[in-house]
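Take a look at the following structure, please.
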Amino acid sequence: MIIYESNKSWLRDVKHLYRSYTMQKIVRSTLWVGAGMALISYLVIDVFKLTHWRIETGTFSLLGIVLSILLVFRTNSAYDRWWEGRRQWGNLVNNCRTLAMLLHAALPASDLPSRRYLAAHIANFCLALKEHLRGGVKINELIHVSPEEQALYATKNHLPNYIATQIQVQVQEKVRSGDLTGEDLINIKMHTQTLLDVAGACERIKKTPIPFSYNVYLKLYISAYTLILPFGLLPDFGYAGIGLIMFIFFAFIGVELMAEEIEDPFGLDCNDLPIGDIAHTIKQNVYELLEVGHPEETRPKELYQKVF
Amino acid sequence: MIIYESNKSWLRDVKHLYRSYTMQKIVRSTLWVGAGMALISYLVIDVFKLTHWRIETGTFSLLGIVLSILLVFRTNSAYDRWWEGRRQWGNLVNNCRTLAMLLHAALPASDLPSRRYLAAHIANFCLALKEHLRGGVKINELIHVSPEEQALYATKNHLPNYIATQIQVQVQEKVRSGDLTGEDLINIKMHTQTLLDVAGACERIKKTPIPFSYNVYLKLYISAYTLILPFGLLPDFGYAGIGLIMFIFFAFIGVELMAEEIEDPFGLDCNDLPIGDIAHTIKQNVYELLEVGHPEETRPKELYQKVF
Amino acid sequence: MIIYESNKSWLRDVKHLYRSYTMQKIVRSTLWVGAGMALISYLVIDVFKLTHWRIETGTFSLLGIVLSILLVFRTNSAYDRWWEGRRQWGNLVNNCRTLAMLLHAALPASDLPSRRYLAAHIANFCLALKEHLRGGVKINELIHVSPEEQALYATKNHLPNYIATQIQVQVQEKVRSGDLTGEDLINIKMHTQTLLDVAGACERIKKTPIPFSYNVYLKLYISAYTLILPFGLLPDFGYAGIGLIMFIFFAFIGVELMAEEIEDPFGLDCNDLPIGDIAHTIKQNVYELLEVGHPEETRPKELYQKVF
Amino acid sequence: MIIYESNKSWLRDVKHLYRSYTMQKIVRSTLWVGAGMALISYLVIDVFKLTHWRIETGTFSLLGIVLSILLVFRTNSAYDRWWEGRRQWGNLVNNCRTLAMLLHAALPASDLPSRRYLAAHIANFCLALKEHLRGGVKINELIHVSPEEQALYATKNHLPNYIATQIQVQVQEKVRSGDLTGEDLINIKMHTQTLLDVAGACERIKKTPIPFSYNVYLKLYISAYTLILPFGLLPDFGYAGIGLIMFIFFAFIGVELMAEEIEDPFGLDCNDLPIGDIAHTIKQNVYELLEVGHPEETRPKELYQKVF
Amino acid sequence: MIIYESNKSWLRDVKHLYRSYTMQKIVRSTLWVGAGMALISYLVIDVFKLTHWRIETGTFSLLGIVLSILLVFRTNSAYDRWWEGRRQWGNLVNNCRTLAMLLHAALPASDLPSRRYLAAHIANFCLALKEHLRGGVKINELIHVSPEEQALYATKNHLPNYIATQIQVQVQEKVRSGDLTGEDLINIKMHTQTLLDVAGACERIKKTPIPFSYNVYLKLYISAYTLILPFGLLPDFGYAGIGLIMFIFFAFIGVELMAEEIEDPFGLDCNDLPIGDIAHTIKQNVYELLEVGHPEETRPKELYQKVF
């Protein structure tokens, strides 16, 4: 995700346009369409002299309204995924903090092994989930994992599930041994459950893009719309119409491409969520709350820098 | 559901247009309208010479705005059903995982019969629900069901309800026998409840399409709109207007047909949810979490292939 | 509610147009407007010759946009009520099933009197709620009610409340007698609570239509808009403009009347929710889950038939 | 709130237009604008003869679209407040009923003093909250309050908070004395909590109107828009344009004023929520559920009457 | 936040326009655009005489619709943040009140030290969270903090987390010592959890503005749109078109700048939430509910005054 301060200076943000891959892609495809239109204009105006084929602006408005409305739907559904992904990771932050708080209050201050075990497993759940959503867990990125555990982890189909289960098993054992009470079990269980809920919700967002028909329909529509635009604008504007067509195309393609980018918010695109950062924040918070030391320096982020 | 990677290449998705039945249907009905319009144009222009009957573009814009707004409503309500169906099945995934995790932590590791019994019943609930939403449970698709149970299952009106109840009964018996505690009962009960909640929510989505009046009104409106379009476009464009009418019809009919398709998301249409796949994923996860073996190979899916 | 299969055949649904009272009403009022406009046209064109009084299409578009936007608001708020009503009754289904499941698992299999008592009360709650939302509970529709109970029921202002309370009282007594545990009480209480929550939510939907000002404003606006339409369309179209005015009126009045119809979803209009059917389904489910017999035949519904 | 039956007769509602203060205000300000426009028209047409200063309809459409979209935002955010207020009071109804039901089932039937104490406090909470949202609690409106309690109540900054706390204190004492169990405490606590949640949510709605900038911006925009309208309509229509300007102004001002009215739904405006009525309904329900007598006659409401 | 009474007088609010920084900024940038346009107009009309370069209004409408739709998205997503921030702080109010109520009912009336300790920590959590969201906790603003605690607090990365944990630790100790029961622990735990949930949700809102691409795209679009406006309006209006361009620019820039302002609702901008006020209200409420004295005068706020 590109970090920026909103509400400062109008032009400063625009100057950093090229930090965003999607803005690059939009600008580039607009230029390609401009080139194509230049060719078409030459054919229409000078070669075949078809400028009497003319579509009224009203028709473009009507078709443009339908298209706009589809793009609203596209944008909203994509943004909802992005924002729900953000909310899920926000939940994860809250949930891990609460879990750590409850364990800190309920476990004896002296039971350092359990505290370390649980802190490491909560942190590892987040680290594992992050890569699970990106293509596959990187076991060597996890912390405090012994080689035997690494070998065991490698056999699991769904590692985040397994790590969460280990937390619940550990808590249940503490209940059996009398270190924790039945009420603690009820309180803590809600939060191991939420670990799995967040994981499942993120998988759902990742695996369910907008239905295929909508995707294809929109692309077909934008392509067809752009192809009939010359018959609306060239008769009046001549070659100057190319600029206008490029602007209109920029309007529609921009909305579509930005929607595509944020639809899957867990990747490494420049507008994707900084779930790597969030996972590290959770790790820090959990260690601080459980009062078991874990040195971690915070590094300041540069504005407009991409962070993951 | 058709699997595809979003955000890759603009034209690649469009080339697979014909994978989607709905896109086929849209293109086909647009061609039929084109044929009908050719006939009407011939009658209007050459036979009855009515091109002085002429409706201004402004009127079409006004009527088109009302129509667009109705289509937005249609699209949103259909998509909400589709997405809520997806969320419910996501809930089911999370819930079954959590249920398995809780049972794994609470049951003695040695109590393999209970583990197998519960794993099979959770998996069977999902498999039964899937077919329950599609026309009727296929009892022979369920796993680890003895012939007597098959006979019993066949007498039940609502099999998913019955299977969920068996899970709750088994848990309550374990509580009575002292293997589980009262706190476990409170924790686990939330998840047998969610099984029924998901089943009920999916039934609701399936059984409640958009009110009949809206359905009929929209079809009437689109038909009437298309029928007056020639009086708006033929006077200016002549036969070339047929192409424009087809495009406008394509715009409106496409939105309506795609909405109809995703409105009932549990069928076998090409944009329907892959609830078969999800049920199998749950089966695998539950067996892995409860640590009772159940061999299941994963098969990679081809891109753009329809999966159910 | 009119039952229909969506996504089958375009024209089949339109042919059943007259099954919907609202569609009848829309078509009828459009014809009346047509008649009125014929008179106005005669006066404007032939008697007073006012065709030089002429309002541009742009003005109608502007006013039409405001109106469309109001109608979107109207449609969405009405549909939200309808859909929330459906969700509440879906909740009721889920809740009654879960309540029956919990009671079945927790009560001794031999305690048939309690099972019958509770099954009858859950079913009666739903039957009473249905009529409570329609004008007044019909006590003789309830099942297994002794004459003394009937007399008692007749004295209650809010019968569904009373029936739900009886369930809670019965459960609490079972807890006192030791048949149920404190954990069972916590588990079951959530579901007697939901009974009251659903009843309250349905009362809220029923008693709170859209604010009066919006209702009046919209009717005033549509009336005024229709009255100035002749000055926009007659100058160009002459008598043929009557058809266009009727179409535009059809567009606006249709959206308003359909919204009015679904706003109170618990009545007996043809698009209202089939809460009678749902109540009977719950009765069946509850008896099946509690394993106390209650013969009830299911009758197949004809397509496009109205069911309540 | 004005009570009316929706979906009956088109013109009957319009005839009662003047029952709504806001409709009066809209009509009145539209007439004032008409008078102002008559003056401007006279100056523009006959005194300064400026009818050649002319703005195209397209420009008004463009500016009108932006305005419409802002008004949609305004309407939705105001209506959300109104509807959330209604939902909160619906919650309060459900919650008080459930609280009464739980207390009725858990308290010994013979403990009439506790029942009376709790019934009075639940009812008083609602009565106090109603006036708390309107300007200050009227202590003499509360029921069964001894003079000493009245003096005590008068010292409290936040009386609803205090009354809810008294309920919780009473319940906790019953737990300490053994009349209620720990499970009852868990069950009942959720509902004393909801009392405070509803109070807080209503305070939030009341104290947070739409941000000041939006409020001012909209008023500025509507004023400026109305002031340039003459240059769009007078050149074509002459004095007849005054009617059209009034209609357009009516469209925009109506939406804004209705939104302003429902934004704070707890006052005594004619579209505000009937929270007085609701509080009295709760009082009745609670006394009936706890089976302690409290005579209260129900009075039928006239249609279109304002009730508070 | 600027306090104002809605729904009183139309012009009174407009006169206070300059209380809002954002309105100042909008007016100022509109004036700058006016100046720039005057120059461009001079160049276009009198120097280069380009008034025959002319873009139809239809094109502006089309582009304006896309822009409006983007601005709707912008406004809604910004307002959602603002309103969710308000809801979170509303939650915090409710939650702190309920926590105080539960502690008041459960703790012995004589245990003043615990009451004071918990009241101070709840109040400090809110005070710390407020500044945590604004740039860094000001430890000397907290109440009843001993110098040793101040030193300890200064070492914490996330002070609100730490304070909430102290509350939970204190409660757990009271449970261990028998002053509170296991049921109290379950009841109270939900509210220490909510403290962390609110903190996390506010951090999420603060740290996640709208994706960078949308931000840049919108600014680019508005700039480009304004730059081509002269070719649409100058040919018809000449120098008088400057006014119209300023109005159109005012429409678009206003929506964008107001959205930017409310997007981060926790700052000190004039439309930001009065979280300082809310934190002080909570402090007062908590002390009143726990019945430990804490003198605090309430100061009336002037209308239209900015409060933080």
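Labels for the chains are A, B, C, D and E, by order of writing; each one numbers its residues from 1.
Heads up, the rule we're going with is that a contact is a pair of C-beta atoms (placed from the backbone, for glycine too) under 8 Å apart; a residue touches a chain by one contact, two chains touch by 3 or more.
Values in this document were obtained by computation on a predicted structure and should not be read as measured data.
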Chain copies touching (chain B, chain C) - same or different residues, decided at half shared: different
Chain centre separation in whole Å, for chain E relative to chain A (CA means): 24
Inter-centroid spacing, chain C versus chain A (mean Cα positions, whole Å): 39
Interface hub residues of chain A, defined as touching at least two other chains: 58, 61, 65, 72, 182-183, 186, 261
Topology of the chain contact graph, where touching chains are joined (line, ring, star, complete, other): ring
Going from chain A towards chain B, every chain in order around the ring: A, B, C, D, E
Chain B contact footprint on chain A (complex, rising order): 29, 53, 55-56, 58-59, 61-63, 65-67, 69-70, 72-73, 77, 156-158, 161-162, 164-165, 168-169, 171-172, 182-183, 185-186, 189, 192-193, 196-197, 199-201, 203-204, 208-217, 219-221, 223-224, 228, 260-261, 263-264, 269
For the chain E and chain D complex, residues of the former touching the latter: 1-2, 4, 6-7, 10, 13-14, 16-17, 19-20, 22-23, 26, 57-58, 60-61, 64-65, 68-69, 71-72, 75-76, 79, 82-83, 86-87, 90-91, 93-94, 97-98, 101-102, 104-106, 181-184, 186-187, 233, 236-237, 240, 244, 247-248, 251-252, 254-255, 258, 261-262, 270-271, 284-285, 288-289
